[in-house]
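To start, the structure itself, in structure tokens.
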Amino acid sequence: MKAAIVGVTGYSGLELIRLLNQHSQIEVAEIYATKEIGRKISDLYPHLKGICDLEIQEFKAMNIIQNTDLVFLATPSGVAKEVSKIFVAHDFPTVDLSGDHRLSASSYQKWYGKGAADSEVLDKFTYSLAEFTSDQGKFISNPGCYATATELALIPLLTSQKIDLDTIIVDAKSGLTGAGKKLAESSHFVNVHDNYMTYKLNQHQHIPEIVQELQQFNSDLEHIQFSTSLLPINRGIMATVYVKVTDDVTDEEILELYQEAYADKFFVRIQNGLPDLHDVLGSNFTDIGFAYNPVTKVLTVVSVIDNLVKGAAGQAIQNVNLAWGFEETNGLLAGPSYL
Amino acid sequence: MKAAIVGVTGYSGLELIRLLNQHSQIEVAEIYATKEIGRKISDLYPHLKGICDLEIQEFKAMNIIQNTDLVFLATPSGVAKEVSKIFVAHDFPTVDLSGDHRLSASSYQKWYGKGAADSEVLDKFTYSLAEFTSDQGKFISNPGCYATATELALIPLLTSQKIDLDTIIVDAKSGLTGAGKKLAESSHFVNVHDNYMTYKLNQHQHIPEIVQELQQFNSDLEHIQFSTSLLPINRGIMATVYVKVTDDVTDEEILELYQEAYADKFFVRIQNGLPDLHDVLGSNFTDIGFAYNPVTKVLTVVSVIDNLVKGAAGQAIQNVNLAWGFEETNGLLAGPSYL
Amino acid sequence: MKAAIVGVTGYSGLELIRLLNQHSQIEVAEIYATKEIGRKISDLYPHLKGICDLEIQEFKAMNIIQNTDLVFLATPSGVAKEVSKIFVAHDFPTVDLSGDHRLSASSYQKWYGKGAADSEVLDKFTYSLAEFTSDQGKFISNPGCYATATELALIPLLTSQKIDLDTIIVDAKSGLTGAGKKLAESSHFVNVHDNYMTYKLNQHQHIPEIVQELQQFNSDLEHIQFSTSLLPINRGIMATVYVKVTDDVTDEEILELYQEAYADKFFVRIQNGLPDLHDVLGSNFTDIGFAYNPVTKVLTVVSVIDNLVKGAAGQAIQNVNLAWGFEETNGLLAGPSYL
Amino acid sequence: MKAAIVGVTGYSGLELIRLLNQHSQIEVAEIYATKEIGRKISDLYPHLKGICDLEIQEFKAMNIIQNTDLVFLATPSGVAKEVSKIFVAHDFPTVDLSGDHRLSASSYQKWYGKGAADSEVLDKFTYSLAEFTSDQGKFISNPGCYATATELALIPLLTSQKIDLDTIIVDAKSGLTGAGKKLAESSHFVNVHDNYMTYKLNQHQHIPEIVQELQQFNSDLEHIQFSTSLLPINRGIMATVYVKVTDDVTDEEILELYQEAYADKFFVRIQNGLPDLHDVLGSNFTDIGFAYNPVTKVLTVVSVIDNLVKGAAGQAIQNVNLAWGFEETNGLLAGPSYL
């Protein structure tokens, strides 16, 4: 099966190359970007020499449709919604890693500050949190990185009637790859190193995505308090969730709740104690742990992922595996590098 | 004025040397440790060559009492409470940077897991959060690092009647110097670098210290939810405080509240927007910022300090300056290094 | 084919698990360590949950000989030379990742400061720099990390008659995993972070290993100047080689020299310009680049590897692949993570 | 004494503010930049709140000449040479931290790739390596960061007749602040973190500066081999110097050589063993250590500085102190932060 990647020089695009190189059924056949057309990707990114030496092509949707079986859109938000039109028109399998097909049109307009995808296009896409989507369909909207970590941490609680829905607070932290390749003061090495900064407080575009998805599991949920900060590292997200329980709970009850929810989900691991980033870096795992405080009646749930794997390229491949009937783990078996 | 430092080779002891070198009234005259007796501190720590070339002495309280005017205890918890006895007996000015004289005896026993200081010794010490202590006295118990950042963030709110006391959640993060010099798996470079880990959740010994101090400002407070994590950096603490307000507030009201509370406090700065660690590293400042979310009625307050300065040696010197009537900023004017 | 790993909890042991998990012909069947006997490795290292849940066993050579086909010794130097005796006695395939079977007995005694392996054991082992060893044999002595990077950088030059052998200077730098898991002041996070320190200057035990191996390619070589420093990162080695050329050379001549030397070597890539660590991290590649300075007649050659992969576990697997006739890249195709 | 800073928002400009805040004789009275005119520097850089709240002014040389006593040029190379004209014309004391007045006109043209300062301006400036300049004069050209570390390491050897001048190799490494604030791929956090990269090999503009200065001490010197690499940290330079000795030397001889050369120089410390970056960070010290290898006849000398202090703003202030007859250490007594 041949795949094209559009927006290959972004972090998600490069990660797709890295992971698909290990996939037994999918081959990266064509790569597209807006710059450096005609150059070998391995000349620009020497780490790819001998791994992927394809030439970067100028985007032509029809080439993709004629030559490949599937397209990954690893473009920035705002671009994917334009690019996807023609693929939808030709009923051509598309996986969008951007935020363009995740939200309702009005919500997208509000949080992304630009016009949403056309409704006939938007309606084709299925938001596919891999562990909770039974039918990915032909048009997959891959979840955001913060959203993935947060949703997987909260879904078992939302269906449990054990928590006060009005008290959910998420303190999420991400490595710098989550902020993309753009050159900015906030991504200059000197400003990030030895620092920790909170940004987009109450304004992050993953907030409506999380609420919208969680409402599928409990329609009484109205909002969450959500903060995002930058860790001085490259990869990794930790979502720390605080929530008041309605009645006292025991650690055993909570453990059972999570173990049941993820009993047959290979890529979600319930850990003893709280997981740290090293447990998942480089892999497609989501590790979850928790601790209950009977004094404050606050349950703390910690969820960690690699933002470029489970939070982007890895989950996209997992979704394709599920949609096409491949082994769920195909291309995704590389364990965490740990260090 | 001559000072002795006991436990000079710990991070707080070394930081006292660095800062007192800039003090116009206090000279480090004697230094004590349990190892390397008789060696020059600058042979062990070559960065001190030409700055402090004193020999390390074996602890003898009477030497300190006879030769100096003031002693800083930069020893681990459990040691200071033994060492302080003789200084109290001789009414000799003592500043304890450890946790040994902060808590009530029963609380210390519970959270530190060992017997507390004798009550006649304990009673002599004043817990001195510098901005809120009017009379430090002769025996100063210097606050903990997490406690300092958290208390300064919360005190203005506690006296305001604006918040729901039952909803306080503090997500605090610290660089590795906060964990001390002990060799442990959790301080090995490889395990910390590129990682972020939460530890001592609901069990950190600064929890009772914070609650005890905050109750001075609002006796209705019963508890706080408090988590501590390790950032892969050397210095710096950020305390992120989440709290529900009882009625809607405006950013202006909150700003006014904080500006009034810290109007004449040089070392607390209310910043526009949320401060980050770079704003204070190397300095004695506490920077505070906040943002209110009308959707969730959650107020987020962010407070940052350098854990070795305002969180340890710097505040200790500030307390001495206040107690002895020196300029509050003496020895503490070095600005943040920023980068 | 079943493999046992002795010393599984060291960095090389853990990396063997990570890489062999991707190998189609070799399965990790038994794991051994000196501590935590009877516990699941994934309880101690939660990142392995679902990937390797074997129990740690107490070392019993006969178990390994009876139950498996091959043993990897990932033990510290000084241990492997004892452990290997019985495997040699039973003619059981052994790969030693330590330094115990690399040097002549007298050289080992001098540089490691302890007695060497018995000569009948030592003689069985073949030092196997994978790219230059045609017959690995049954007993493989896997090269050191610094040695691998340095030897691959220098071998083409040594056979060329283009350089002054008396002028070779190697300035090598490594991430902290190269220093092992031992708790020490020099591996404490606070001492390493934001630092760069040179250690074991003129005394590193890889010096005789490098000289011994290089002399196979040019017996006139007498010594090299070699320095080692610690980078504040986890993985990666860069060996920067400076050498005077005897006659002026052109960049084209040097390029041709290296391209010929590594024409059919998948895991050595000659890059345009100087490679950096990101080009190889996580992979088994050695990337080499160079630049000639006609003013000083100094040729600079830069060679980078991941010290845990090509510098340890990866090359060990590569050697086994070559020895057993598997595809050379089996288990080793994961590309550099790049970031 | 009042000082103006031109180019205040660069790293050197900000560091001048930090250090001059501690100076008893010099006050920062005016600050200039090309952007954000009219805004308070502490609004742009909140870490300066309460330390320096001056407004940024648009550059007008006559204002500076009328209102202040001294100007620091912390502008990029290419700007200072234009700006300095009017100050020279008015015989107004000027310290240039850029490279514009360090080289001969022809050398500047060759290495900086642009036209040099006018010769009547250039002739007025004195290149002032503080430890070796007896008369700074009114127009001070402050040395480069790599140049400072390298020159102080080599000068004692150059006058000693002990080394082969044709064999000097310098492997220098710097933190990212050395590369300036410009946004570039090479300063993006993700590309620098966990990486180590060599750049401008044989092409760094400090090469002619070093050679020109060293030739003052030994006119037989023709060239040096010099490489520069980026460490994934913010501050600090290590220059590792390798050189062949002509006859065998002892460590004692070398020690004596260095101790004599720097006997009365407060800011140069000869350390036992090799210094590391932590020994000097935040301070104006240059620490030097060495080790001789009788096998290869190579002497290794390691020199470390903080690139923003001794390598820029600190040495500039030291030069002013010397020129104006202030205490040499005024404003520069802050010890290394060590961690």
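Chains: A, B, C and D, in written order; residue numbering restarts at 1 for each.
Quick note on the criterion: a contact is a pair of C-beta atoms (placed from the backbone, for glycine too) under 8 Å apart; a residue touches a chain by one contact, two chains touch by 3 or more.
Remember, predicted model here, so these are calculated numbers, not experimental data.
Enquirer: Averaging each chain's C-alpha atoms to get its centre, pick out the one most distant from chain A.
Expert: Following the centroid criterion, the farthest chain would be D.
Enquirer: Would you indicate which option in A-D, A-B or A-C repeats the interface seen between B-D, with over half of the contact pairs matching by residue number?
Expert: A-C
Enquirer: Which of the two pairs, C-D or B-C, is linked by more C-beta contacts?
Expert: By number of C-beta pairs in contact, C-D is the larger.
Enquirer: Taking the mean of the CA coordinates per chain, how far is chain C from chain D in Å?
Expert: Computed value for the inter-centroid distance: 39 Å.
Enquirer: Taking the mean of the C-alpha atoms as each chain's centre, how many Å separate chain A from chain C?
Expert: Once rounded, the distance between the two centres reads 36 Å.
Enquirer: Centre to centre, by mean C-alpha position, how many angstrom separate chain B and chain C?
Expert: About 45 Å, centre to centre.
Enquirer: Give the residues of chain D touching no fewer than two other chains, as numbers and ranges.
Expert: Only 11, 177, 190-191, 194, 232-235, 278, 339 qualify.
Enquirer: Under the touch definition given earlier, write down the residues of chain C that touch chain D in their complex.
Expert: 167, 169, 171, 173, 190-191, 194-198, 201-202, 223-225, 227, 229, 231-236, 238, 240, 242, 244, 274, 276-278, 281, 291, 293, 295-296, 298, 300, 302, 339
Enquirer: Mind listing the chain A positions that touch chain C in their complex?
Expert: Residues of chain A touching chain C: 11, 14, 17-18, 21-22, 43, 45-52, 177, 194, 234-235, 266, 269, 271-273, 275, 278-280, 282-283, 285, 287, 333-339.
Enquirer: For the complex, give me every residue of chain A touching chain D.
Expert: Against chain D, chain A makes touches at 11, 176-177, 181, 183-185, 187-194, 232-234.
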